[in-house]
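First chain A sits with chain B, and in the next complex the same chain sits with chain C.
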Partner chain A sequence: MKKLILVPKEVTAIPVEAEVISPTVIAGRTLDEVQRLNVYQGKVKLTLADHFDVTGEVAETPAEQIIVVDGDAPHVKYMGAAMDAGRLVVKGDAGMHTGSQMAGGELTVEGSAADWAGAEMKGGVLRIDGDARHLLGAAYRGSSEGMTGGCIVVGGGVGSEAASFMRRGMIVVKGDTAPFTGVHMNGGEILVFGRAGKRLGAQAKGNGGFMACFGGVEELLPTYMYDTTYSPTFMRLYLRQLAETLNVEEALRYLDKPLKRYRGDLAVGGNAEILIAEP
Partner chain B sequence: MKDIIVKGGYVYDPLSGVDGERMDIHLSAGKVVEEVPERDAKVIDAKGKTVMPGGVDIHSHIAGSKINLGRLLRPEDHRKDPVPRSKHTRGGVGYSCPSTFVTGYRYAQMGYTSVMEAAMPPIGARHVHEELNDTPIIDKAAFTLFGNNYFTLKYVREGDKEKLKAFMAWLLKVTKGYAVKIVNPGGVENWKWGRNVDGLDGNVEGFDVTPRQVVTMLAEANEELGLPHTIHLHCNNLGIPGNWETTVDTMDAVAGVKPTKGRKNTVHVVHCQFNALDGDSWMTLKSGASKVAKYVNAHPHVTLDMGQVIFTDTTTMTGDGPWQFRLHGLTGNKWVNSDVEMEAGAGVVPYTFKKNNPANAIQWGIGLEIALMVKDPWRVYMTTDHPNGGPFIYYPKVLAWLMSRKARTDTMLESNKAVMKKTSLAGNYREYTFNEVAIVTRAATAKVLGFKDKGHLGVGADADVSVYDVDPSKWRPSQYAEIERAFRLASYTIKGGEVVVKDGEVTSTPLGSTYWVKAETPPELEQELVKELEADFKKYYTVSFRNYPVEDAYLPTQRVVKAQGGVWK
Partner chain C sequence: MTVFTDVVCPFCGCLCDDLEVTVEDGHVKGVKNACGISRSKFLNHEKNRLEAPTVDGVEVPLEKAVDAAADILSTSMRPLVYGLSSTECVAIAKAVELAELAGGVVDNTSSVCHGPTILALQQVGESKTTLGEVKNRADLVIFWGSNPSQAHLRHIIRYSGMAKGRFIPNGRKDRYIVAVDIRKTGTTRLADEYVKVEPNRDFELLQALRAAVRGHELLAESVAGVPREKVTELAERMKTAKFGIVFFGLGLTQSEGRHMNIDAAVGLVAELNNHTKFLLTPMRGHYNVGGANTVTTWQTGYPYAVDFSRGYPRYNPGEYTSIDMLARGEADSALVIASDPVSTFPAGVVRNLAKIPVVTLDHKVTPTTMLSKVVIPVATAGVEAEGTAYRMDGVPLRLSKLVEPREGVHSDAEVLEMMIKRMGGRAY
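And now, the complex of A and B:
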């Protein structure tokens, strides 16, 4: 693996759109070419080197490339957008649309991520050690196709409308979630180890997906019907895998917890599952 | 403006009978001229390249309320195709609902210099012209919707063709329209009561007329007014399996109409692919292209455009409100409906044409079958019904399919097998020549639209020229990717004698003109008509009669085309 290091020069008030910060875009170029890649600040076209000190090595293929953004970059949008291989590590906060539409590889944000992180994600792993703001893994406005693959793990809490229009893939939240998590969800899995916010699963149709809440739910929609209390085998498998492969150690605490199963959203004739661990 | 010589290219100018000859084209003061002195001119080296007149798109949806509804409905469409500004261009968005400026740039980049907006609701005409003014480079015209207009239906019911003609002339004048557009005649009127018409002889609620009467009388009136283009017709039953019969019946309904002087055709059937479906249901869907083509080959009064499907995500939008509701029901996709007062309607539904969907694969095959089975290229034109079959940026792909059987076969092999079983495309060996491409994309479209100065490079023609980086003497159909590359970004596009695109980059953004048609009406008849219209406007319209016409200020670069002169009783 070859490492390229980008050190942000300053945090600017006007965001910088830098979808070029991606192993998929950078691999196969020379360092000079990478420094001259275009980024936009508002309507102004600049180069990557105008905003970052760019050093290190560039790999031949995306899979061999590690990019490290060494510092806070809350003003930098679209980092890792559409990446399909390799690794990107942000050693601080990341701006909006980080990892949106990513299809493979691994993206780690050691701080917090702004809105739309992992939006319409198709594959790969996105880890956010801090909080993620609104619309994590969501569909873009107007679209009915949200996350269709991959895995997002958030160490802190998440904002509203996380996983909207989710179809496949997995979102794991160690902290709390704001309202409307899983709105319009149509498949996929959401596991919340903190407290889930109001209107969880609103308008969700289901199609095999579930929302598992291990730290309670603030308020369940009346259009979800209680079904049963049980300890499904698949959940034990999920929780073990989470602990072993994604280091979600909290998962092991709930291995034998019975789950209350609710079905809905009946407002749209849905068959989605909300599973709530008994205290 | 400096004179230009396009030197040494392989020129395809079918209207002048030039088929791939190496020759020079001389341009001066916005026109093609016999010769300009080389020492004073800008010389464009076109050696080894293809030279054609600027493209003329006969049917596209680029301006007005309908495309704007699409833009509002589909932020996700804009997101995937942002277009940054450059030295000469503004920023915008592209794909299926492009912004006005990007529309102009992208057409010019493909070598197109004239584009027709295919459906202008009369009361929304101002909006259409405002957006056309914001669509740079290309010349434009808009087709005014007539087929479900209250006054059209009223005069058809009364059997008053003279009044109908006067109304058509008046409405074209006040909306600054270029042609008579008919969309699902009677069906959109019935949609206001939640219904549709069930075919050419269905009943239009409240008027007790049939679509057959509407189409026939509008076609007769169109020809008697001597309008430059025939009626521009979107048939009934669009998108419904088995609709080829309605399409052929509709063509036949106007077979007896006497064409205006100087032409044989009396009807242009639009996006024919959507109207050439055979079978009883989506399960038994098959191609009806051969039946439509058989009729067209035997009847010179009909012209068509393809409405080719592209396998991509797009936004369907049409004045056919009931069909869009049906499509919304079929797909479950989001939908916008628009009722346009006394005049028209529209619907917008996003749609993705997928290779693995049997119906979509068959539709893809039908569009190409129509273009390949209609023997006379002067009567079938290349369109995608942008954005309904797919965005216009895919025209080069359609050309590749038309020019290369290998291109078709390669796509067929990736598609649902239904295209092999339910269409005859696999057995069709025809491959368009460069000359035929020039016919179906510019020469024939300009001719059928009645543009005397467009679609050719004869002396006196507008200096609209496209130069493509493909050598026709060396090109073979197996190299279809070369066609896509060359026709996507022209080496040069010259508009009105000015280089507007060089090596695929926009270099200049002149405004472009808007064409509209003026047809004369006997003054006493017009006065009588206006009196009637004013009375109905007071009763039914939300705008006053005086505020209805589009003022000249909305068309800063207008070009008025006079109709040949009416036949009046």
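And now, the complex of A and C:
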């Protein structure tokens, strides 16, 4: 793997749109070409080198490329957007749309990520060590299809409407979630190890997906009905895999916990599952 | 003395079109059929007016003010164009064109009122109707989080409550009115039924109603403070109405849940259409906020929060909405047209607005004109300038020019056209 290092020169109030910070875009170019890739600040077209000190090596293919953004970049939008291979590591905070529509590879944000991180994600792994703000892995406005694949692991909490219109894929949140997680969800898996916010699974239809809450739920909608309490085999498999492959070690604490199963959202004739671990 | 009839009122989203305005010696002397607010707008339109264009508080010729405004917008990296809901449609079209030329963001007051409605309607669709249809057919009227008795004063009289219609011959006696609100208001007092919902719990109640309409039995004793029996009873009343309508206001769009509340309301109405005819209409506040959405959609494909910085329109409420941009300190200049954000935006946002050069087009002195670098007085649309406005139900109506503006004062559209030419845009 070849490593390219981008050091942000400053954090600006007017954000910088830099979808070029992606192994998919950068691989196969010369370092000089990479430095001259266009980024946008407001209506002004600039180069990557105007905002970042660019050093290191460029790989022939995206799969061989590691990009390290060495510092806070909360003002930089679209990092890793639509990337399909390779690795991107942001050693600090990341701006809006980080990893949106990514299809493969691995993106790690060591700080927190702004709104729409992993929006409409199709594949790959997005790790956010800090918090993720609103609309994590969500559908963009007007779209009826959010996340359709891949995996998002958040070390902290997440904002509202995470996983809206989720179809497939997995979101794991170690902290708390804000309201409307899994709204309009129609497939996929959400696992919350902190406290799940209210209106969880609102308007969700189900279609094979589930929302598993291991740290309690603030309040369930009146349109979710209690079914049973059980210990499904598949959950043990999930939890072991989370611990072994994604380093979500808290998952192991819940291996033998019975789960209360609720079904809804009855307002939309849904058959989605909310599974709540007994304390 | 001239009497103008069928004048359209440029105040709220009702756009009452039956006003009679008497003009004498170029001044409005009398107004008939209008509500108190409308009458006051017509009779006092000459008071508290901006006297002359200013730059940094110094009076300048109009051309100088236009030059200064154009320079600010041209040299900014991230200009914001905001307002537009209290002017006519040609001005709105020109403001969108200007935003495109400036490579900025154009947003209207929807983002602080019914923006959540638009978001939800884009997500789940809309069952639309006109106020005329409501007047002639609606036998069940539900006001949810709206108080027309104080905000849309003639709505109940002309369309939704007292009005006699073709299939509602006895007016109020033929209608059942339900008011859902967190507290008693003038509207809840005149309603047949008041449903008191706990603050920020409308979403739960809407969901429960929808489930009840689908025939599910609710297990909870009460939902959002409303007893289960009352939820079931209301659901049954909605299903058995001949023609039902939900008028919803900011109580629904600006409380917790925002666009998801509307999403749930639309879902409820869609469900009810399996049983009867049911519709919903937002109670739009500013008289042409519907026009601002409509015109912006004609030109860009999107109703508000449109960014032109990459040379093509992009839409993302939350990212390109004015309050969000200003809260993040992202805009480096602003053009405000027919609006007063300083009076309506949160304090922190106003503080950021005060840090950047602001250009304001308005007819009156406002807190926003007071902090603006460039101020250009304009004619009052619907009194001194004609144009088109869109009623809350999407019906376009023609605003009248009743009196001449003061010499040297132009309409919003004319001033914006000057700025477009100054910035090198096409003239037409």
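Keep this in mind: the second predicted complex is superposed on the first by the 279 of 279 C-alpha atoms of A that agree within 3 Å, B and C clash if a C-alpha of one lies under 4 Å from a C-alpha of the other, contacts with A are read in each partner's own complex, and residues count from 1 in each chain.
The definition used in the following text is that contacts are C-beta pairs under 8 Å (C-beta built on N, C-alpha and C of every residue); 3 or more make two chains touch, one makes a residue touch a chain.
All values derive from a computational prediction rather than experimental measurement.
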> Which partner does A:R141 contact after superposing on A: first (chain B), second (chain C), both, neither?
Replying inline: both
> More residues of chain A in touch with chain C or with chain B?
Replying inline: C
>> Which partner chains sit in contact with A:R199 here, chain B, chain C, both or neither? Use first/second/both/neither.
In response: second
>> Once chain A of both complexes is superposed, is A:Y40 in touch with chain B (first), chain C (second), both, or neither?
In response: both
> Residue overlap on chain A between the chain B contact set and the chain C contact set?
Replying inline: 40, 43, 140-142, 144
>> Going by the contact rule set out above, which residues of chain C touch chain A in the complex?
In response: 76-78, 102-104, 119, 122-123, 203-204, 207-208, 210-211, 214, 216, 218-220, 223, 256-257, 260, 263-264, 267, 308-310, 315-319, 328-330, 332
> Any idea which chain B residues touch chain A in the complex?
Replying inline: 73-77, 79, 84-85, 91, 333-334
> What residues on chain A touch chain B, complex-wise?
Replying inline: 40, 43, 45, 139-144
>> Which stretch or stretches of chain A touch chain C in the complex?
In response: 13-15, 17, 40-44, 96, 115-116, 134-135, 140-142, 144, 161, 179-180, 183-184, 199, 202-203, 221-223, 225, 265-269
